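Heads up, there are several structures right after this.
In the two assemblies presented below, chain A is common to both, partnered first by chain B and then by chain C.
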Partner chain A sequence: MSSILIAILLLATLAVIFGAILGFAAVRFKVEGNPIVDQIDNLLPQTQCGQCSYPGCKPYAEAIAAGESINKCPPGGESTIIALADLLGVEPEPLDAEHGAEKDAVMVAIIREDECIGCTKCIQACPIDAIMGAAKQMHTVIADECTGCDLCVEPCPVDCIDMIPIETTLQTWHWDKPEDLIATSEQSHEKNLEQGVH
Partner chain B sequence: MQPITLHSFDGGIHPQENKHQSTQSPIAQLPVPAQVIVPVGQHIGAPADVVVAVGDSVLKGQIIAKPKGFVSAAVHAPTSGKVTAIEQRELPHSSGLEGTCVVIDTDGKDQWLEEIANGDQAIADYLEADNDILNNRIRDCGITGMGGASFPTSVKMAVKGKKIDTLIINAAECEPYITADDMLMRERGLDAIRGIQIMMKLTQADNCLIGIEDNKPEAIKAMEDALHKMHGEHHITVVTIPTKYPSGGEKQLIKILTGKEVPSGGIPAAIGIVCQNIGTCEAVYRAVAEGKPLISRITTITGDSIEQPQNVDVLIGTPVKHLLEFAGFKQEKSLFQKLLGGKSKAESKSRIIMGGPMMGFTLSSDELPIIKSSNCILAPSQKELPANDIASACIRCGLCTEACPADLLPQQLYWFSKAGELDKAEQHNIADCIECGACSYVCPSEIPLVQYYRHAKGAIKEERASQQKSDRSKIRFEARQDRLDREAAEKEAKRKARAATAEKAQAAKKAAALAQQKEAAEEAAKNGDAPVAEAIKPEPVDLEKLQKQLDAAQAGLKKSMDKVAEIKAAAENSDAPIENLEVFEKAVANRRDKVKLLAVQITEAKKLAPPVVKVASREDIEKKLRAQQDRIDKTQQRFQLAQEQGLDTLPALQKGLDKQMQKLKELEAELAQFDKAGV
Partner chain C sequence: MTDYLLILVSTILVNNFVLVQFLGLCPFMGVSNKLETAIGMSAATTFVLTLASVCSYLVYTYLLVPLDLEYLRTISFIMVIAVVVGFTEMAMRKTSPLLYRVLGIFLPLITTNCAVLGVALLNIKRDNSFVESILYGFGAAVGFSLVMVLFAAMRERIAVADVPKPFQGSAIAMITAGLMSLAFLGFTGLVSI
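Here is the complex of A and B:
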């Protein structure tokens, strides 16, 4: 009888001790904010273009965390949708065409500086402050920071902003993926012919 | 000196060497071509800034592009002539991209810049000179690694923070066909060793190992002979290493010679080693002791399509075509083409490869120039080096794993790269792949494995760059959002502050008014004129306003009633259904109610507050009188105008005029009364 009592007492003591440790840890190492929102936000392309109808990537991340569908981000495209689906454990869906199509090339805004009248409208529109300038002074885009979100194009009263694709340089170039060729008998034959082997 | 114990690296292959073809004759001097095309971005790092203009005459060795930034190298005119163009041209690079090139039409004189020709730039006692001076000279002369990567040598020499104990000179030249370093050691070994001395001084290395593969006995002998000629202690040792591809890989050579492994993602300096190519040593000697910039190099021209395979000293910027013509290039026709008389759809020109068969790349045209890193031009026949563009399926034989000199798992990397699973490829250390091509070489299915890795490495780099950019965008976006929020909060705070002051002012006013009222009431109470309660009565109802509202309501009522009557009359005359009668009748009822309500209110207000007799002053009445007079004048004018033009507003104007006249009369009467009362 006494051994049962000792066992119960021991377990109860342990329970109290571990409970206290867990309780302390819960308070001491409390995670601020919603970690899933940050994880989603990290997967989004951060163009802050608002094509998803939310005013930036973070708000969309919050909306996704709250149950919004994951296929509203054209700049991220298919790869982002797949990454989000992986993270959230849902089925990937095709990109919602309502919010725009995925672009092939990364674009960058460029201001035709001769035509700029210095109205500052584009500066106010830029979600990441990537346009420099002041009232009645010429503006210019900081090309390295521009995400190509298009938001500055529409407010320009003189239409002097162009979106141009970023050119590949020697620094950014990399090899293409080899074509996925698997030899068929026909191809092999042709190849043999080319090499003069019959 | 203690004997060197050699180590070995795992993997590696033994392809057919094919080196003997190009070592039969001494290094030839290539005649100056009619035109040289010099790209300004031949090195790793930022392309140099062009400092000449179209039309300028340049002399041999004259700087034509200055280094931009720390990791960059100068570019010099390889011969004398005239700059005819500075434009974007295709570069001899696997990407086939364009870059800025300075095009010089040569004058054939090959005239050196004077200060180089007369030796002003030379540092004769280079072993006594200051390191900074030496390194600056190396930088000014545009010396880059001649082994292939073209890393600016001065940057590599200026390594700081870590004690360098061994300088390793890479003379292994493990890639098949290439013999440029071999020939250089045979003919210019002494210069190369002097260059090594300069590098040892710069890096303060304790000793130097020159690694040469044992398939180059002449070169080994030449280097040892040269070392014997050196006076004093030099701590330089020639080490013969077994022939195995890729023993000339930097990490592999270090492993062979020292047994140490360069950490993944690190540089050799992390383990106290600097590695340089033997060709670079010779270039450094030339730059320091002779003051000559890097404007030429030894290039092997070989392959079955070349009549006289050999090594040539060629000016940087020389079109490959010129080199091919010099060595005798025969376009071959495949047996297939011969049989069909050259009408094959697969009419294939012989390939021209820059670099070796393992790591080189096919040039798109023979107009492309030789650059600082072009150690070989290979023109193989179809049979010699068939272009394998058809791969079979992977049979999981594992040969690639055995061949990999970097101890990676090529098969796994292949699956991951093919499926685009870049994160997994990264976990399998794809970054440590040296792209030697040994795996592709041994693959029985002829899968272009190394192409997949190159692609995956590039894609990973790109992904990382875009991740960095998006992180930066996020920070910028959040900073902007914070700023906007702060501005909005500031605005709101200001607005609130203003509202608070306004409210306070109003409250103070009210309080003052109340106090005044109270005072008046108290005074009145003191005087016993009226009870206190009456004094604190709520403000009197505006009788006048009510009266006006009543008038308006009555007018409205009358209008509505007229309308109803009209509709009724119309309805009696015709059989058409009466549409709006109900609406109007309702309106009449509403308005009647309102009139009643107002009338009640007025009577109540009158009861509550005895009508305040408004004491108008004589001046007020006179003012009104004058205003009325003005109005009448205006109306008369308009009346006349209307009469002249025969407008249909005449009756309305007449009515208005009559009313105004009446008002005038009333005012006059009031004035008269006022005068009477005043008198």
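Here is the complex of A and C:
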């Protein structure tokens, strides 16, 4: 009888000790927020344009971490999708057309200033406060801040906002990134493997 | 010293836990699709196996034997392993969130990895001393990591190879594992303990 009691006592004591260890670990290794969210957020283009139907890049990063699909970011385009797929270990998917198409060139919004009636509607639409102006005064876009997200075009009642592709000048031109270092080149690398070329 | 070396060679090559004793086959087939994941899984398993064999040795020698409760070894070992895995999981979530995400469900599944319980029980069966238990657990883990990494590397190659249709997917993986197991049989007789 007593040996059974000892056995039960021993297992109970062990369970209490182990529970204490795990309880301590849970407090000691408490994770502040979700670190993977920050890594995803770093890969997103930070246009804060909301075309993914989330109110910004950070909320979309949180949604991706919770299982949202990775193909809803038109400004980031294919390269962002591939980088995200690489980070999360999932298959890259084509861009979801429902959220807009990827643009070939970097765009910037330009207001035709003599047509502007000063309604401030585009100022409210701009997610990054890149439009300056006041009521009944002419507005203008700070070109350096503009992320080319298109959101100000729709609200303008007189359609005086154009999306202009930024032309490459001597000041903005740079060498292509080395191919082997970026995620998009992985596919061509795999293709080489298939053909037996290394 | 020679004894310790023999234990390592024996557990890593001759009595390899995966390919010769057929323990821990679930992660061997499940996490070997990608080399990176396989390395992460191997690292986690190495840590858990070594620590679990040490802890279970201590629990057995200093708690169960003095109290004449040897028959409780399986249940208490399972408890020890579960705690070690739980602790590793929390620590990894804090230190390496990416690895935590990649390993996913396989990390908690180390708890039910029969190699871990197998090592703890075999330590008792072979009357290993404390140092021998550590080496036995570590050797088993290194052996596991070795075949895991080799197998994952092979599967990455097979993934781009022109495999006949009936053999695609798991079938060719099983065949590869079988061939590897045959190859490891070649180590039999290398050392005898």
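Convention: the second predicted complex is superposed on the first by the 141 of 198 C-alpha atoms of A that agree within 3 Å, B and C clash if a C-alpha of one lies under 4 Å from a C-alpha of the other, contacts with A are read in each partner's own complex, and residues count from 1 in each chain.
One rule holds for everything that comes next: contacts are C-beta pairs under 8 Å (C-beta built on N, C-alpha and C of every residue); 3 or more make two chains touch, one makes a residue touch a chain.
Everything numeric here is computed off the predicted structure, so don't read it as measured data.
Contacts of A:G89 after superposition on the shared chain: chain C is touched, whereas chain B is not.
In the superposition on chain A, contact of A:D41 is made with chain B only, not with chain C. When the two complexes are overlaid on their common chain A, residue A:I21 makes contact with chain C while staying clear of chain B.
Applying the stated contact rule after C-alpha superposition, one finds that A:D114 touches neither chain B nor chain C. By the touch criterion defined above, A:T168 reaches chain B but does not reach chain C. More chain A residues lie in contact with B than with the other chain of the pair chain B and chain C.
Residues common to the contacts of chain A with chain B and with chain C across the two structures: 190, 193-194. Within the complex formed with chain C, the residues of chain A that make contact are 3, 6-7, 10-11, 14-15, 18, 21-22, 25-26, 29-31, 34-36, 39, 87-89, 190, 193-194. Of all residues in chain B, those touching chain A in their complex are 41, 47, 91, 93-95, 97, 99, 334-336, 344, 346, 348, 382-383, 386, 389-393, 417-418, 448, 451-452, 454-455, 457-459, 461-462, 465-466, 469-474, 476-481.
Contact residues of chain C toward chain A in the complex are 34, 37, 59, 63-64, 67-69, 72, 75-76, 79-80, 82-83, 86-87, 90-91, 93-94, 97-98, 101-102, 160.
For chain A in complex with chain B, the residues that touch the partner chain are 41, 44-48, 56-58, 127-130, 144-145, 147, 168-170, 172-183, 187-188, 190-191, 193-196.
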